[in-house]
Every structure is written in C-alpha cells, then in structure tokens.
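One chain, chain A, links the two complexes that follow: it is found with chain B in the first and with chain C in the second.
Then we have the complex of A and B:
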C-alpha cells in the first residue's frame, strides 16, 4: 500500500514543532543562525535541516494582510527525477512509495540536487571529487517500518500534517479543498496528487501554488532523457569520464555559489 | 478558564484577544481548528499585530495596545442596542434570571459617563489625580428582607441594564475606532458576527485571553468588559462558551490555586490581616461579605470557616486546637492596605528593607518590569537564593557585562532544581485539570525536586528556630513538618513525600468521624471524598479545599486517571475520567446557567447538564439543587452572595463597570473622558513617565512559540536557538520607511527607563493606527532575551514601566512609549 502525507496549510500555525521533531528524530544538529528579518530560520534546507517552515507575508486585495506558511521538505514523487538520475542506485523508490536512499551507495555526484524540481536535496560537504553524500527527508522510514507515524506528523498539534494511505489522503484532501473553496478560499486546491506520477507529500493549499513557491507543472526536465544512459554508465564510470568530470564541475560550482551566499 | 481546552471545539464563534494562542498555546489550536472544521465556527482575532493566530482567523481587527475596554465597551453598546430592538435574537431569560442586569442600584450611584470618567465616591486626598473609591453607592437596593430589588423589564432607569447603557453610550463606533485605531467597518462586522453567532439561546461564543489582556493598569477591567459581553450574550456556563484565561505556564493555574500570590491563601482564602486579631474576627469579617437573606441563594463562601480551619489543621496538625484558634495567632499578618506585590517587593529591596530573596523558578532580571531597576535592587540584598535549572540572569546579576562585582556584597546561592521530567507530581492546566506526571529520569548532579528542596530547607529552619528562638518562632516550630515529612514511615499509608502532600491537599479526617448512629463515617487519616465533608471544628484537614476529592478513599489519586473516553451523554468532550478537575470534577463551571428555568438545556444537542425530572445528567452540576422552577432550588451563580452573575460588579477597586483609560504612558489624550489614567493605580516612579513628544511610539512585549518566558530553558536549547536566534524588533513598513530602517539591520529602542537593541523585522503585520486623524505607530518586542545562556540579547523589560493594575498589581508590560532609531546602541 502506497503511503503518503497530506499537509493542510489552512491548519498550519507555523509553530515549527515539525521542524524540531524532524531534527530530534533524525539526530540533526542545530545550525548557527541569525535573524534574517523574518521568522524563517534556518532560511534554507541544508544537510542538517530536512524540513523547515517557510513564511510569506502577503497583501490581500482590499488592503488586508495575510501570513501563510508551508512546511518545505522532500515531495517523495512517484516518478522521482532524483531516482532517475542517480547513477549508483543510492536513491530508489521503496515499496511504500517513499523516495528512499542508501547513503552507503551515494557517491556525492549531486545529480539529484540538480534535477529536483522542488530544490530539495542538499549535499554534505561536497567537493570536486564528489565525496559528500546527499541528504533529505526520509519520510521517517525508521519509524514507519516500526508502525509509527513520521515524527513531523506526530508532533503537529493541529492535525495539519496527516499520514496514511495515499488514496485515502487524496480523497480527504480533495474534500478539504472543496470545503475551503466554500469558505471563501476560491483558489483552494489539492496539490501534488497528479504531479510526477503523484507526490507522496501532498498539500491542501488555500491559494495558488505560486503563493507557496510551488511549481504549477513540475517536471523531471532532462532527467527523463538522460536517465537511460546515465544509469547505463553505472557507478564506476562516474568521476572517471569526461562527462562525469564536467557534471561534477557544474555541481561544485553550484555549491561554491551556495557558500558564497 | 470557566470551561476547558477541549471545550473550545463546541464554540460557534471564538474571539482571541489579548492572547496569541497559535504562538503561545499552540496545542489549543487543535481545538480551535476542530471548532472551525467540524463546527463551522468563526474565528476572530483582535490584536495590535497580525500574528500567527490572526493568520488563521476569518476576521482580524487591529487595535492599539491598551484599548480593549474601548473596543469591548463599543461591542457592549452595540449589543445593548440590538437587544432593545431585537430581544427575540437574545437569551433574555438568561439575562434577567441569571445575571444582575435587572437589579436596581442605589439612585445615588453615578456612572463614569456622568462624572467625566470616574464613578461616584472617588476620593483624591492629596489632589494628585490618583486616589480610591468610597464604594457606599455601589450597591443594589433591597427589600425589607434584604433581597435585591429587580425590574425584569429592564426599563427602570436605576436598573443595571440601563446604567450599563448609560455608561457605554459614549462608546459609539466612531469614538471607539478613534481610540483603538480599528477600521470602523471591521469593528462593526465583529459586533454583528459575534452577537449574531453567539447571542441566540442555544449558541455559544468563547473569549480566549491571556497576558495581553491582564498586563495593563486596567487589566482586571479589560476582563470585566469581556465578562459583561459574555453575560449579555448568555455565554457563561454553556458548552463552547466562557471566559477563558490561557495560562502562560503549564502550572500557573495550580500555583495560583495553591497561593503563589500575596493576597491569597490556598483555595483563594484570604490571608489574615493585622486587624483580625482572633480567628473569629477574620472569619466574621470575610463571611459578612457573603451574608444573604435570600433563601434561594447558596452563597457558597459561607462555608469559608470550614475551609479555613481545615487549612490551619493541615499546617499545624495536633498543635492546632480550638483553644488556640487552631494556630491562627501564629500566622504572620498583612498590614491592611499595604502592597506586597512584585513591584512593591523590589522597591523594598531597592530601599534596603527587604534583605534576602528566594527566587524560585523565576528570573525577574529578565521577566520583571523595568528590569534594569530590578537588577539594581538585587545589588542591595544581603543574600539571594536562586532555585532553578540554569544559572539565570537573576542568579548572575553581579556578573552582567558592565557591572563591577567588586561593588556588590550580595551572597548568592544556587540550588539546582529538577525539571518537570525529573520529578513526580501534579500540574494543573488552564482548564483546572489536575494531571499527575511521573518521573522519566533522575535529575543530574545535585539537582533535587522542589518539594525535596523545600522539605530539607524547612527542616533546618525549624531546627534553627528551635535552638535559637526569635520573633514568630511558633509559626515555624509548631508546624506539622518535623517527624512528618522526614519520617520514613509515611503517614496513613502514603508512599512517599509527593504522595503524602497530595493526600494532605485533598484532606483527611484528623480523628475518627462518626455518623449520627455512632458508626464510623471516616477513620482517622482516611481521605475525604468532598469538600462538603470539611469541618470548622478541627476534626478535618485539607490544605486546599478546592482539591478535596482529587485523592479520595474511594477512587485513590484521581489526578492519575487516564481514561480518554468521553462519558458525557451529549459527547461534548468533557473527558471526565481523564485526570481530575476542581471543583469536584466539574468541567464547566456555572453550568446551571446552561439550562432554562425548568432544567431544559438552551442547547439540547450540545448540552452540559439537563434535568431528568429527579436528577441532573451530564457534567457535575453547580450544586445538586433542582431547576429554578422546582421547590428547593438555588440560583446558578453560587459563588456570589446573592446568586447572580455580576454585570454590575462592585467588588473591584476601580469601578463596578469598566471604563476606558489610557495606559500610564500614552500617545494621546483620552478622548472618552477627562480622566486620562485609571485613577486608582499606584504610580511607583512618577518621574519615570514618558512625554509622548519625546517618546511617540507605542511599544508592546510578547512571547514567541520558540522561546519560553525569560528564556533560561529555551535559550539553552540549540534546536530552539536555531529557530529564533536573536532579539528582534517588529516594525511596520511605514515606520521603517520614516526612520530609514532596512529589514534585518540593528535598531535601538529607547524608553524613559532604558534602551535596548535588536534586529529589525520590517513587516506588513504592523500597521500605523489612525486615531482621529493622528497617525500613531506601534512596535513590538519579545521579552525572552538576557545576558546568560547559549543565545544572548537585550532584555525588552529594560523598557517596561513600574506600574501595575489597580486590582491585581500585575505590571503594565503591554503598553508603554518608546522612540526608535536606526543602528545599534
């Protein structure tokens, strides 16, 4: 049975219990942060932050203000571009539908980072020779396999994050979106059930996806074309071929850019 | 809370005002969310700043800090007018039969509308504008038997309803919005929505409030304005209704019940005052205030002597006898009229009168008002004991950067305490539920549970008094402490210290108690089943009558109950076997107002109690008496001497009705009367009041989800520091534009008392207020930071004023004046 999470942003109060619970369960250290003139912190995902609440202040038509929130983490796409491009099989779809990874197989090539349409995976200490491994939300496989619900869903005080069978959550999310429409959220919709083969992390949104910085039509881009032959090269080829070096250089450049910011 | 957390789900309309439940009580939003989702409830947020609570609200209204009475006075006015034109939309039976709206008041009484902002009886002896009230006109007329006179048509010009109308006639929408800065249209929408959804009989609305309401010079009257609105709408005693204080810490309710504050003893009994020289003087003085000659009034406080004597027995055991007034004479007495509140104590330290201080889980160097002055006051102490989890700013005041330790003689002791997971005991939540918690792990190092610390400490104090004597030695040496708490053979089967104390709180028979036929009712040491069994003759003890039943001989320790089945026949979520709730496990108090005169619920679907013909079904009723139309009944508001809820409330020191006054520091002249401030407050430092020309910006303080109180717990936790790493200042885009402040840069905020710096969060969520054409800016600062711990920053309370509410003395943390400049200090 394919599992999923449904995140109803209309119920999210941005308390960030999920953000802390994620760190607590996954034993991720705190980052040294500064106040960036907003409540968001850390202001981006990182190898030590796999889930964060993003805040957006909005002006409403007619002059009112609004403040909307969304937990940002791996979407666990059914047709996951990161899995397609992963040359070593470190990233894979597990039987419950999660986009899982085996860190021991990861060679740090960074293709997953490049091809994720949601900008989720982050590399640990990536260097030119691709030694840092990828990190992201694991869907708390260690909990789910033992019959527990993911730490974020467990910690959520309002029921904004629910965990269950994907098909049930689609039905629930569709009904919630309909109800919100009736309550005046004209653009309310279920997001993700029909994207990239169906996302494992679906949202009930109170507004257009763009308001929450979500792509309306995410695709795997070139991953769909590259997949057959990248995977065909196999793990040994990576870092040894000119192509691999080129791509590694691209990735390293990306990381240097991130560090400069 | 009159109701409880889970009951919020039953509400038709929820007002969150003076609180920010989503951020400071996030778990409460489980029930708010449920009310919205399952019950179609409307959520209204009223706050100076658009908060995470506002983000979930259907209607948001901004109001300037310190103007709740103007806002709610305006709502009261709107409802009165609507009641007059559409009485069929309201629960008029509730209003006339259960509240004192129909009472006739002394014709000599004058509202603040008639006396330019003051009620009749104001006495200002020194002419400084501040004084006190002679309350002799604040009373109802009575018939020859002493029963209040009423006009249930509510037409008599001296009836409470008409006086209320007169009091708030000035609070028309334009006047209100000129004070509060709210948009007129939004204000009217809230009046209409709240009255429309919660006013009809059978509907309910709740008001969730917290420190944004209380921490004002008129904080008590802010709450009164909410309570009066709730009574007009019939919202007290019903499911989804009530007046609900969201307590700021998990056990504030418990600590208040057990007399954390200076003006009460456990169970809200009165502390003795110097003029009550004998026990009977005290009991007579207090019970005189609850005398009633109306046979239908229960006036529950007439039981006061039973609770008082049982408390004395609990403290002094066999040393307390009828002959020695049960030890009453040993108790220290308050001087009548003297103020022993937080600010007064710190002023006494500053003057050198108070020489030693125990700071128990408290960090006034960060959390106290005018924190810089409080840090200075600590320097005058001979000794300071800090009992805490961490070395707090209070404990380390002598090490503050810029302070020279060589100039300070205070001897500081640190007693490391166990945290909540490292000890066993009860905590009492806002809904009055006393819930047992078990120990998860041992405390580190030498840390001990508070109970163990105080037991050991007191044993040594007793020994010192026994060997050295001293004034008031009997108060200490006669206590049932030695050979009681330190006895390894615990008493009457108690397992350990915390178990013994919990039994004492409940109370037990001090001797065998017999039935009339001579059979044994209670054996000595048996736990009592109800406070109805407490005696004034010294045969019972209880260290808090409200908790009698919490640990009784029949059920054991009910605070340990964890059955989360809802046994209520209407399924309103009372969870009566989850923990235990005072009084007598009544989950919704004043619930006899939730039914009509025949005992039929106003809301038959979500009823709290209902009369079955010979008994009540549902929640534990407020007394088992039958409905109003049945012989032997009592009025529902049993804690009031006359049995009616107080729309007219003469008990307060500053008026029987609320009246809008400006905070001590205000940017405007009060447009509603010629009385600028609450005239009954104590101004401690008159030379520290800002001139609005120098300090034009309103400032308020608050908490964030990610930190806790004065920060010693959360500012030492890396995961929480990561979320909110720095002291910040929230500023509107408009004010930032005027001052040239950019987002995320340092700013300095200065009041007449001190200055701080923080990172600017320039936000759309603060907007300037338009007050009768004048633009007034407001900013906000969290008060969690200090100089100790993993993450440090300036303490917002260096800015806040030294003045408190006229009734409670709670400091005015929520509204004062500052100026802001770009750049750090």
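Then we have the complex of A and C:
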C-alpha cells in the first residue's frame, strides 16, 4: 500500500514544530543561522536541515497582505529523477512508495542535487576531492516501519500535515480544495497527485503553485532522455567499431597468408 | 631528415612525451570513468567509499589530461601548430581515401588508395575527434568539478550529457587507433614511430607517399 503525506497550507501556521521535530528524530545538529531580513530561518535546506518552512508575503489586489507558508522537503516522486540518475543505487524507491537512500552506497557525485526538479537533496562535500554523501528527508522510515507516523506529522499542532494511504489522501485533498474554493480561494487545488507519476508529498494550496515556488510541470530535465538514449548509443557505437575492426583484422591476416603463399 | 638505418624522424621528443602522457591519462580516466558510468560497476565497485576513491582518481587523471595540451603548447608550439595545420587541411586525397577506405579495410584492396600526407585521412579524423572531445571533456569536466552549484542546473545537466557523448567518441576511435597501431599485422611501423620517433623509409614511402614527396622536395 503506497503511503503519502498531505500538507494543507491553509492550516499551516508556520510554527516550525515540524522543522524542530525533524531535527530531533533524525538527530540533526542545530546550525548557526543568520537573519536574512525575512521570517525564513534557515533560508535554505542543508545536509543538516531536511525540512524548513518558507514564507511569502503577497499583496492582495484590493489592498492588504496575505502571509502564506509551506514546509519544504523531499516530494518523494513516484518517478523520481534522482533515482534515475543515481549511478550507485544509493537512491531507490522503497516498497511503501518513498524515495529512500542508503548513505553508505553514495559516492558523492551529486547528480541527484542537479537533476531534482524541486531542489531538495543536499551534499556534504569537500569540492576539491569530491568526498561526500547526499542527504534529504527520508519520510521517517525508521518510524513508519515501526507503525508510527512521521515526526513532522506527529508534531504538527494544527493537523496541516497528515500521513496515510495515498489514495485516501488524494480524496481528502480534493475535497478540501473544493471546500476552500467555496470559501473564496478561487485558485485552491490539490498539488502533486498527478506529477512525476504522483508525488508522495502532496499539498492543498490556497493559490497557484507559482505563488509557493512550486513548478507547474516538474520534469527530470535531461534525465528523461539522457540515460536510456546515451547508454544505447554508447553500446552501439563501441560494438559496431569493434565488429568493424575484427573484420578488418581477419581480412588483413588473410591477405598476409595469401602473399606468403 | 634521415637516420642511421634509413629511417625518417616523424615525431619530436615533446610530441612523443605528450602522446604517452595522453595515453596514461586516458587509461586512468577511461577505467575510472567506466567504473562510474556502467551500472554493473557503479553499483558494485564504484559505490560508497570505493566510488569516492574512484572519483578522486578520475580527478587526478583529469589533471594529467589537462597537462597534455599545456605541455604541447609550452614545449613544442611549432610542432603543435604544424600538426594542427595538417589535420585541419582537407583536400582531394582525403575524399579519395574516404571512397577507397571500405575496399581497403574490409577487402584488402589497396588499388584506389590515393597517396597520403603525414597523417592519413583516418588519422586526421581521429585527431579531429580527439581535439574536439578534449575541449569538450575539459570544459564540461571543469563545470562538473568546480562549477557545481555555481552554474545553472541545465548547464550542469548538459555537461553530464556532453561528457558522456565525448566518451563515446573517444572510446570508439581509441579502439580503432589501438588495433591499427599496436595489433594490426600490416602497420608495424606506426608504433615504432611513436615510441622512438623514427619510421622506416619504406614504410613512410608506402603509407604516407604525399608526405614522402614533400620531404624529398625539401631536400
């Protein structure tokens, strides 16, 4: 049964309890952060921060301001570009639908960072020598496998983050978006259920995805064509060359024999 | 220029050094690159700490690789420019070579083969692929090494893609180069030329007739 999380931004109060719970459960150290002139703190994900709240202030058309929030973390795509490009198999899809990884297998190439359409994985790396490993939200598999819900969902005081079976959450999210539309949020919609094979992290958004800096049509970019295409071309080119050389070598041998006779 | 045993000097010391430095760097880069690239190896040998060591060796190989054009330019700029000029000059003998090549290589029929320059058309083609791919390797490699995070995502993604394309070009032409120069029963002179610089007069006369004429007219 595929599991998922549904994040209802209309219920999020940006308390950052999920941010703290994530750090606590995953044993991630605190980082010294700086005030960047906004509420975002920290302002970006890092190898030690797998979940953070992003804030946006939006001017309303008739005057006044809307203040909106979104927890930012791995979207656990069903057809995940990071899994496609990972050369070592460190990143993989697990049976419950999560995009999981085995840090001991990571060789630090960083392709997952550069091919993720949501800009999520972060690399612990010394750039000169390339030694390092990647990290990101694990969907709290250590909890879920033991029948618990993820730490962020557990800590959320308003019920903005819910965990459950994917198809139940899609129904729930669709109904909630309809309700919000009726309440005057004309662009409210469920985000992610139909993207990249279905995201494991879905949102109920009160506005267009672009307002929350979410891509309307996320893709794996070159990852879609890169591997199957180039691996095929490589095998063909090298194979054909080797075959040509073998024929040539045999012909040359034959001619030498003819000359000797 | 003739040697003791009726041989002709084909390659300067710098040219030979640069060639073998290129060979050594290529060997390291090709082996470590394939370990990282082919799923069967990248999921067994080049995984975890082994993969990090492989990537480190790839970077050391890359430094040697980048020294190839630098050394050539520093120690023998004239030789470099002369070689480049020959490689980028294409004429009717080259068209003739391309037409005659299938019969020559696959049927052993040498009749239609026009006289060739210091580098025959096939060698020129190889040289061109090497020059283009070398630029490609260095530019995309540096983007992936030191440009990550600083360059746009699509730039990095295209770098990976183009680096792989260059590898295919290099690998295919390397096979041809290796077989024809080291293993091929008819081309014994070429390897000697690159090891010691000298090639037998008869070999040059036969395989690089146009160049031989050029040498004769210079004397």
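One rule holds for everything that comes next: the second predicted complex is superposed on the first by the 224 of 261 C-alpha atoms of A that agree within 3 Å, B and C clash if a C-alpha of one lies under 4 Å from a C-alpha of the other, contacts with A are read in each partner's own complex, and residues count from 1 in each chain.
The rule is short, and it goes like this: contacts are C-beta pairs under 8 Å (C-beta built on N, C-alpha and C of every residue); 3 or more make two chains touch, one makes a residue touch a chain.
Nothing here was measured: the structure is a model prediction, and the numbers come from that model.
Participant: Under the stated touch criterion, which partner chain does A:87 make contact with: chain B (first), chain C (second), both, or neither?
Facilitator: Touch partner of A:87: chain C, not chain B.
Participant: Once the structures are superposed on A, label A:124 by its partner contacts, choosing first (chain B), second (chain C), both or neither.
Facilitator: So A:124 meets neither chain B nor chain C here.
Participant: For A:208, is the partner it touches chain B (first), chain C (second), both, or none of the two (neither)?
Facilitator: neither
Participant: Could you look at A:181 and tell me whether it touches chain B, chain C, both or neither (first, second, both, neither)?
Facilitator: Neither chain B nor chain C is touched by A:181.
Participant: Check the residue A:221 against both partner chains and state whether it touches chain B (first), chain C (second), both, or neither.
Facilitator: Touch partner of A:221: chain C, not chain B.
Participant: Could you say whether A:20 touches chain B, chain C, both of them, or neither, answering first, second, both or neither?
Facilitator: The answer is first: A:20 touches chain B but not chain C.
Participant: Classify the contacts of A:108 with the two partner chains as first (chain B alone), second (chain C alone), both, or neither.
Facilitator: second
Participant: Using the superposition on chain A described above, determine whether A:143 touches chain B (first), chain C (second), both, or neither.
Facilitator: Neither: A:143 stays clear of chain B and chain C.
Participant: Touching chain A in the complex: which residues of chain B?
Facilitator: Chain B reaches chain A through residues 22-23, 26-27, 29-30, 33, 37, 50, 52-56, 60, 705-706, 718-726, 728, 743-745, 759-765, 767.
Participant: If you look only at chain A, which of its residues touch chain B in the complex?
Facilitator: 10-11, 13-17, 19-20, 23-24, 29-39, 41-42, 57-59, 64-69, 157-160
Participant: So in the complex, the part of chain A that touches chain C is made up of which residues?
Facilitator: 87-90, 104-111, 113-115, 127, 129-132, 221-223, 226, 230, 233-234, 237-238, 241-242, 244-245, 247-249, 251-256
Participant: If you look only at chain C, which of its residues touch chain A in the complex?
Facilitator: Interface residues on chain C, with respect to chain A: 36-37, 39, 42-43, 46-48, 50-52, 54-56, 59, 105-108, 145-146, 148, 153-154, 156-158, 160-161, 164-165, 167-168, 171-173, 175-176, 179, 183-186.
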